[in-house]
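What follows is subunit A paired twice: with subunit B in the first complex and subunit C in the second.
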Partner chain A sequence: MKTLKAGTRLKSAICDTEVMVIRTRPAEMLLCCGGIEMIAMDGGKSAGQPDPAFAQGTLVGKRYVDEQDTTELLCTKGGKGSLSLDGQVLAVKQAKALPSSD
Partner chain B sequence: MNIVMALEMAAECHPDRIAVTSGTQRLSYAELLHAARTAGNLIRDSGCRYVGLLDINSCAAPVAIFAAAYAGVPYVPMNYRLTKPELEELLARIAPAFLITDPCYVEPLSLPVGIRVAAREDFLAQVRSGDAQMTEAPGTPSAVAVQLFTSGTTGAPKAAVLRHENLMSYILGTVDFAGAEESDATLVSVPPYHIAGISAVLSSTYACRRMVQLPNFDGAAWLKLCRDESVSNAFVVPTMLSRVIEHLAESGESGALPVLKAIAYGGGKMPPQVIEKTMKIWPGVDFTNAYGLTETSSTICLLDPDDHRTAFDSTDPDIRKRLNSVGKPLGTVEIEIRGTDGKPVAANEVGDVYVRGGQVSGEYLGVGSLLDAEGWFPTRDRGYLDRFGFLYLDGRADDVIVRGGENISPGEIEDVLREHPAVSDVAVVAVADEQWGESVAAVVVLRDQARASVSELQDWVKQRLRSSRVPTSIHFRAELPYNEMGKVLRRVLKDDFRSAVRAS
Partner chain C sequence: MADPVMAAASAAPLAGFRVGLDGRGVASDYARVLLASLGADASPRRHGMPDEHPALAWCRSGLMALTGQRDGAPQMCPLPLASCADGVVTALAGIGDGIAAGAGSGSRLLGVRANIAGLRRNGAISPGGSCRLLPTADRLLAVNLARDDDWRSVPAWLETERQADWALVEERVAGAPSAALLERARLLGLAVAAANPPEHSAAPWYHITATGTPRPPRPRHLRGDVPLVVDLSSLWAGPLCGQLLHRLGARVVKVESERRLDGARSGPAAFYDLLNAGKASVRLDFTSIRGRERLRCLIERADIVIEASRPRALRQMGIDAENIMRTRPGLTWISITGHGREEPQAGWIAFGDDAGVGAGLSALMRDVTGERLICGDAIGDPLTGLHAALAAWSSYRSGGGRLLALSLDEVLKHCVRFALPDSADALCDRHDRWHRLALESGAAKLAPPKVRARAKARPSGADTETVFARLGHRC
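== the complex of A and B ==
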């Protein structure tokens, strides 16, 4: 369990997935990838495969949100595991298209 | 949160896609990442505290932006058109610095101690082939990514500070990752030392869009490059758009640009005649007006393509005038208009424009943050929000003429004088006045062969505006002094009036 902070980057313990926290709520939560808690960028990886219940994969550049829309993560590197928060798999957020201004 | 994240993601997702085309040179996203990491290593080992860029646009500019981030030092692009003493002063302010430049810009200078010169072509060759040992950018999200010397149209340059978190807040709030098509290309004609030159690199990289650089702008070259490089998007300052349509009118050349999808413009006031003409020339193109400042990491308000079309097609004056608006704030920023008492004013009432949001830095080196306790930044722009929430700008607070306690905006007087058939260009400034404190003065450029007397122009204003708006003195000039971004140098005009008073 960790209290997340906007701007924090984390990586999966068992696949290539990396994320950055875009926004969140100030509470302790369990953020997992592939069913295993995500770790600090300089943390050591564990051996093993993602839990099949959490193995749909992540895609670089996609935003992931929880059902209550309190927490949003940006996937900065894709991997085999799925993201979950307190056991609930996060869904891809549909991007709002803004016209290019530069 | 570091700007290199945008490049690392682009290089992972589209390593072989071309990131930048500059003349005959090109770099893919994987090559740009490699060059930036190699250069970051080189800069870190040099012990320099800044990365300077004194050059026109080239592949070295995007390399330098990201290399500075890998080295953990601020990137400082500088205006190569400044005078020798001005450049020497700026360089002394950033020493010890790793200066990427074309030797032609530094040869005339007496370089301050601590400036390590890297000639652009040698630098590029070295970092493209070198060994990229560095993979992680150091520092925190609050580290300074970019330091820009403001153009100083009214005073000495101040160093605006943009942190990684400011720039990334703008990028993550406005750009869809890898949102560009493989065939998309954006034409970058703003110089590297302008905030729009920085945001062009960051936005394009995050969108995985190819940048096509035009280092020396002229209307014909812009059109040619649009065709030769199949450009789909372009950002221009209003002066550039004027030059393009002038060139089309003078040359009789076809303006057909079948691939062009979108033009965004900003960096100064767009004359309504210019945008209307442009929309007629390219009816299929999406136009976006982007309003922003250096201190806000670029765009904070957008008038989007639908707003443009709605306004263009409307006969309702309240909607038609939207072509003069800078649009609505981005979802990630707030705008507030405040009166002289510092309190928010009602719709349609002119006041000072304040902005708040993660991308707003509002900070200068040696001065500190200009944000108030609630995080609001005074843009020093004047303007109002209409009842639909569209923002209309009304000049700079510093340019307001205070005549006997009455605030007069130069813009409304300039608009009236510009309607006079003999007037081709005009700028209105404040001059000292014994009776009123300040009074209105105008500098007028007449059309070729046209004539108009001072009293005739004064009458023209008197018939259309309140008497306090009538210029007490009018000077004629062959042309107005502009900076290269198309902004009138009012300071120069005020000095002219001052010396004219002294001479009499």
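== the complex of A and C ==
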């Protein structure tokens, strides 16, 4: 369990997935990839495969949100595991609306 | 590969073409540089008409009015950027029908949005308002937060829990090293660029990153053989490319995602019309299997595809440009990105204003005026759109079979490097001379030019069924 912060970068313990926290709520949460808790960017990987229940994969550039829409993660590197928060699989958020001008 | 057909396609698009250009001056010189870089023989003729002076072209483009402090005097850029725009049109008119070259033909496209939207110069803030030059611990950084969602990424970018606004951004970047800010911004897909000085390197303005089987060269006069252009792009650069191809005689089908229409539709209608009038409009649901099948079907019939997304976006929808090149003879694929298709730059984004800063324009303006300035209005967009049209038509004329990759960054750097003086003294000297000429001629007072479309653009999806009916029952 960890309290996440906007801007924190984490990586999967068992696949290539990397994420950045875009927004979250101030509470302890269990953020997993492939069913195993995600670790700090300088942490050591574990051996093994993603839990088949959490193995849909992640796509680089996609944003993932929880059902209550209180936590949003940006996938900065794709991998084999799926992201989950307190056991609940996160869903892909729709693409950013384009600006009318830049 | 020993296959001679493949070898032919990877050669420069206009190899073997001879293009006669009459003009004399900076715009014509730039046109010749472009045509030569495409492989054409574009040797000058003797008695051509003189081009407009680059300082006067800068004024006529409207970018003089759009550069400078809001309450200060308009500023001269000592690089012939507006002449470069005229030069692209000159080159285009040299290889296609339907486009007239001449003073203002390209340069007025640079200031036209500002005219329509009533935008004004605003110092270190872009005329459009979304891009700002901000000091960091070590240099100036252009930060362009153009999309609403960009603001939602700011707390993650700057590692803060506070509500994001410009005051917060300014405060947080002030003490931070720009390398770290750039790295995190790129991960987040934010358009951020360092105000580095202009580069003297000789990087090309386009790359052929994949080849396919070419078809026989096409004649300058199209006759009955009208090319089909599938335009998947939005905003300014890509749609301008599509508009120019329409004027050259192509049939252009603009494709939009049902869930994410072209953002320019929510801007001024006159500007959207200018870029999109004359194109058929198809709207598809890219998240459905049927929508993706129809998109693939359209692409398979295209002679030219224009696309201005990060490469992974189409790949994640199952559309792989490099693979399609190999299976579709004669196809020309125009890829417009911020920084190119190579990793890791393929994941970075750029908009027109920050790309200008990244190419060195703000550093250069600071050297000659002492001020922090954004140069022009989203200058990377119209310049890249013009170059993309030239690349597209060159490849089409010579039979296609190429993926031509252009980036805002490299196109701007190419324009900046053309006629860049060797020394700071020479640059300041030229700035003084050109500025004086602008003042003495009265051109310094010129407002952004008024250009309007002759017709309205089609409503989104108005032609979906007609287009697919025409393509046949398989779609």
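Here, the second predicted complex is superposed on the first by the 99 of 102 C-alpha atoms of A that agree within 3 Å, B and C clash if a C-alpha of one lies under 4 Å from a C-alpha of the other, contacts with A are read in each partner's own complex, and residues count from 1 in each chain.
Just so it is clear, a contact is a pair of C-beta atoms (placed from the backbone, for glycine too) under 8 Å apart; a residue touches a chain by one contact, two chains touch by 3 or more.
In this text the structure is predicted, and so the values were computed from the model without any measurement.
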item	value
Fit or clash - subunit C, subunit B, common subunit A	clash
Touched partner set for A:K5, first subunit B, second subunit C, both or neither	second
A:L74 touches, of subunit B and subunit C: first, second, both or neither?	both
Partner with the higher number of touched subunit A residues, subunit C or subunit B	C
Touching partner for A:S100 - first (subunit B), second (subunit C), both, neither	both
Subunit B versus subunit C as contact partner of A:R23, first or second or both or neither	second
Candidates 313-321, 403-411 or 475-483 of subunit B: the single one with C-alpha clashes against subunit C	475-483
Residues on subunit A lying within both footprints (that of subunit B and that of subunit C)	7, 9, 20, 22, 60-62, 74, 76, 95-102
Subunit A residues touching subunit C - in the complex, by the definition given at the top	5-9, 20-23, 59-62, 72, 74, 76, 94-102
Subunit A - residues contacting subunit B, complex	7, 9, 20, 22, 60-62, 74, 76-78, 95-102
Parts of subunit C lying in touch with subunit A, wherever the complex brings them together	113, 117, 128, 130-131, 144, 146-150, 152-153, 155-161, 184, 187-189, 191, 234-236, 257, 259-267, 310, 312-313, 316, 347, 351-353, 378, 381
Residue ranges of subunit B touching subunit A (in the complex, touch as defined)	1, 5, 8-9, 12-13, 141, 165, 172, 174-179, 186, 196, 199-200, 203, 207, 209, 233, 235, 262, 264, 266, 286, 288, 290, 292, 298-299, 302, 304-305, 330-331
